[in-house]
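Going in written order, the chains are labelled A, B, C and D, and every chain counts its residues from 1.
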Amino acid sequence: MDDIIVKYIEKPSLKEPVVVEGLPGVGNVGKLAAEHFKDVTKATKFASMYSKYFPPQVFVEENGVIRLVSNDFYYLKGTKKDQKDIIIIVGDYQGLTPEGQYALSSKMLDVVEEFGVKRIYTLGGYGLGKMIDKPRVLGAATDEDLVHELKKQGVIFSKGEPGSGIVGASGLLLGLGALRGMRCACLMGETSGYFVDPKSARAVLEILSKILKMEISFAELEEKALQIDRITSQLKEIEQVIEPETKGEDLHYIG
Amino acid sequence: MDDIIVKYIEKPSLKEPVVVEGLPGVGNVGKLAAEHFKDVTKATKFASMYSKYFPPQVFVEENGVIRLVSNDFYYLKGTKKDQKDIIIIVGDYQGLTPEGQYALSSKMLDVVEEFGVKRIYTLGGYGLGKMIDKPRVLGAATDEDLVHELKKQGVIFSKGEPGSGIVGASGLLLGLGALRGMRCACLMGETSGYFVDPKSARAVLEILSKILKMEISFAELEEKALQIDRITSQLKEIEQVIEPETKGEDLHYIG
Amino acid sequence: MDDIIVKYIEKPSLKEPVVVEGLPGVGNVGKLAAEHFKDVTKATKFASMYSKYFPPQVFVEENGVIRLVSNDFYYLKGTKKDQKDIIIIVGDYQGLTPEGQYALSSKMLDVVEEFGVKRIYTLGGYGLGKMIDKPRVLGAATDEDLVHELKKQGVIFSKGEPGSGIVGASGLLLGLGALRGMRCACLMGETSGYFVDPKSARAVLEILSKILKMEISFAELEEKALQIDRITSQLKEIEQVIEPETKGEDLHYIG
Amino acid sequence: MDDIIVKYIEKPSLKEPVVVEGLPGVGNVGKLAAEHFKDVTKATKFASMYSKYFPPQVFVEENGVIRLVSNDFYYLKGTKKDQKDIIIIVGDYQGLTPEGQYALSSKMLDVVEEFGVKRIYTLGGYGLGKMIDKPRVLGAATDEDLVHELKKQGVIFSKGEPGSGIVGASGLLLGLGALRGMRCACLMGETSGYFVDPKSARAVLEILSKILKMEISFAELEEKALQIDRITSQLKEIEQVIEPETKGEDLHYIG
């Protein structure tokens, strides 16, 4: 099997779309923000990415039907004059290994490059390890002009933050995107990192709505956060019982 | 060497066979059920799959002859009018890594697809972490029609169970099979997960016998469970002594 | 770089040679036995195998010159009438991962197959986890005729021993060799597994000398064991200080 | 994506240049020495190497602009008559896995081989696990002539040191370089291994300056050491909060 499989539902006709990405990470800020954005804009799924870099797992939907874990691509046509077409990338997991992370981010860029993408916004959380009342949105970008542009929208660029850089897809899409000449930025909402954080996701989306010149409703954001929190807790509870499944009865003595 | 090697003993002529799969996992329910089914139906081995995704290990049979760890394919011709031809997949191990799991499940599908397989039943355990008196059989499937069909046979579809989805081959065969247009279902017997569970395996096989319209004798199921339990315990005991074998004397300080 | 590099010093002309293999493992019995055998027979090195499946490491010889970790092939021409030509495989490490182990064993078979090898003896230790006074030599083979042949030479075939099978190169060469139609056997000396065990290595070599119809001197075996023990201890002591070298200063937070 | 990507800024014209390499490792001696050497000589960056064997991470510069983690190649033209052209290799990380380490070192050799490189000096630390007042510089080389040459410059060759050999790029470049016929040496400054060690780096650079017949200023070495120390500490502090980023919310139960 190919390392990564992309299955298209359709190939939409898009005009220099802007990419918005949010996958699981610190405080699930990026995932929550991007999924909420996808839901309230009623974006249309057009492709799914399956990969051996994800866990070997299917989810079972409420009707008993399974779904192989994936990252998914949605699109949204700009309706107003100065609104861009948008591609939204969300998903169940990030790659399990560093090699998988590089391969998956690179493949995402392959997919969106075909649609003429020149700008990418990745959404994530910036973990502080302590509770925070009014989360700021920190930024990083592939060039100084973009930094200046984002500063005007209220994004904070603070020397030495994040000191350790950005890990995972939200960082790699910038790093690998820059190598392809794309202009990319990461928006990181401050968060404790202890739970799924709707306040931080909202802060990120408020900036994004200014950048994209779109209204975003936050009515169902809290509910969405609770939902992601429930799934996360459930997975953790079941974890110990489930563990042997992938490993077989007696694999634990190897490597 | 190829990542996965399939060695055919014969290429049987089968008519749209149904696949039944059971590999090591929670409570070894799937492995026990599938091996028992293979034994009582006197199915014929036609292929073995070897792979670098399995442990680097041979087993030593009672006569002193070795056997490289493998997953094996058996077949069974339907003898009665409404009985389907069947392919049974059993084996020593699942893939050691997520990547190996994807590659192995994909290769299994390659093998059975050649025989015109359109339906797959994977068998597994659903770990509860506590003792259970009357194990139910939970289900998941690739489409709603199949869900309804299985409900009629007594399979339970319960919202939010299994909450974490299905990991390993029993899940992947459904997920990857669906991408190839195959209709697949997983039958999960409830089990504590603490030991090899013949009661749960029997519950799964009773459902399977209804689905396949075949009688299955359970006379030797307990004995089979004890046998698998013995092997499992033995492997665990020897584990500490064996460990250095794969690693070399001084590898432990590397990653 | 290729996953495995084989560098030939020469391609000796050998007549259906027999392979003897011994690499690091339980009690270092196989490594000690094979290296001693190589030394006392004054066998000639003809090829080295380097691989990314080994640790990223060079050893520093007494004269300050480095040597990349490797597995090495030696040969020995039969001098008496009924003596076979012999290839001896020894080395610093086994593969670090299951995948590496498969790849390396498979490549070893590629190398020796070119010389017309039809028989392989792998040497190893059988860890008991307790001290043993008179180590027996247990066996396993690829066919029953070979089992009978070895029984006559004093090799023990005992039901359920080794219960967990044979892991590492000593097992894989049999498993993968059998798939190529080679006849192979593993000779396992009983050992506590707690230290480099010359008594166990001697027991294995005494059997091997009968099989190969060759006298083997054991005069320097104890000294060889002490030498291997020193290297092992040294590596363990330095371990903690060395550890960061491969990892970089701040890699520990990833995977 | 390719496993390793090399992006050239320019292809300088160099005459049989000598390579100096220093990457993160024990006491960061090699990294500190090579980066200081690069800075004081005002060497020019000509290529960057990106790879899936590095962490999936970007760093954020003070101006808010990101930089994908990399290893980098600098060059320096010899200005005096008996000064060689020099290529300096520095970087953020070593490969995360043994396989990655081999692949990266091999690719480095591909790059420098193109420029006609015949000699390589790798810089590293030799961890003692205790404080050391006057660090010696230990050596290892690919041939005895080079050992003698280095002894004359004050490099210590001490039987049994380093007993465990040299791991990581500083060792592999020698091992793999030798297979290509390059003459290479490793210079290891003694260090406790507990912190970034400017004293050890200075000892290494003093030897290097003799070998290369170049004056090296040490005025800013202490400052450089503090700077690397700060980055290291920062990464460690943030570590716990950052950890989930690459893993996703619920990946921890897999392998």
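Operating definition for what follows: a residue touches a chain if its C-beta (ideal position, glycine included) is under 8 Å from a C-beta of that chain, and two chains touch if they have at least 3 such contacts.
Predicted model only: the values in this text are computed from it and were never measured.
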Rotation, 0 to 180 degrees and nearest 5, that superposes chain C on copy chain D via CA atoms: 90
Same vs different contact residues, chain B with chain C, by half of numbers used: different
Label of the chain whose CA centroid is most distant from the centroid of chain A: C
Cα-centroid distance, chain A relative to chain B, in whole angstrom: 35
Of all residues in chain D, the ones touching two or more other chains: 55, 96, 98, 164, 167, 231, 235, 239, 242, 246, 250, 254-255
Chain C - residues contacting chain B, complex: 23-26, 28, 31, 55, 92-96, 98-99, 101-103, 105-107, 124-125, 127-129, 139-144, 147, 157, 159-172, 174-176, 178-179, 186, 193, 228, 231-232, 235-236, 239-240, 242-243, 246-247
Complex contacts: residues of chain D adjacent to chain A: 1, 5, 7, 50-60, 62-69, 96, 231, 234-235, 237-242, 244-255
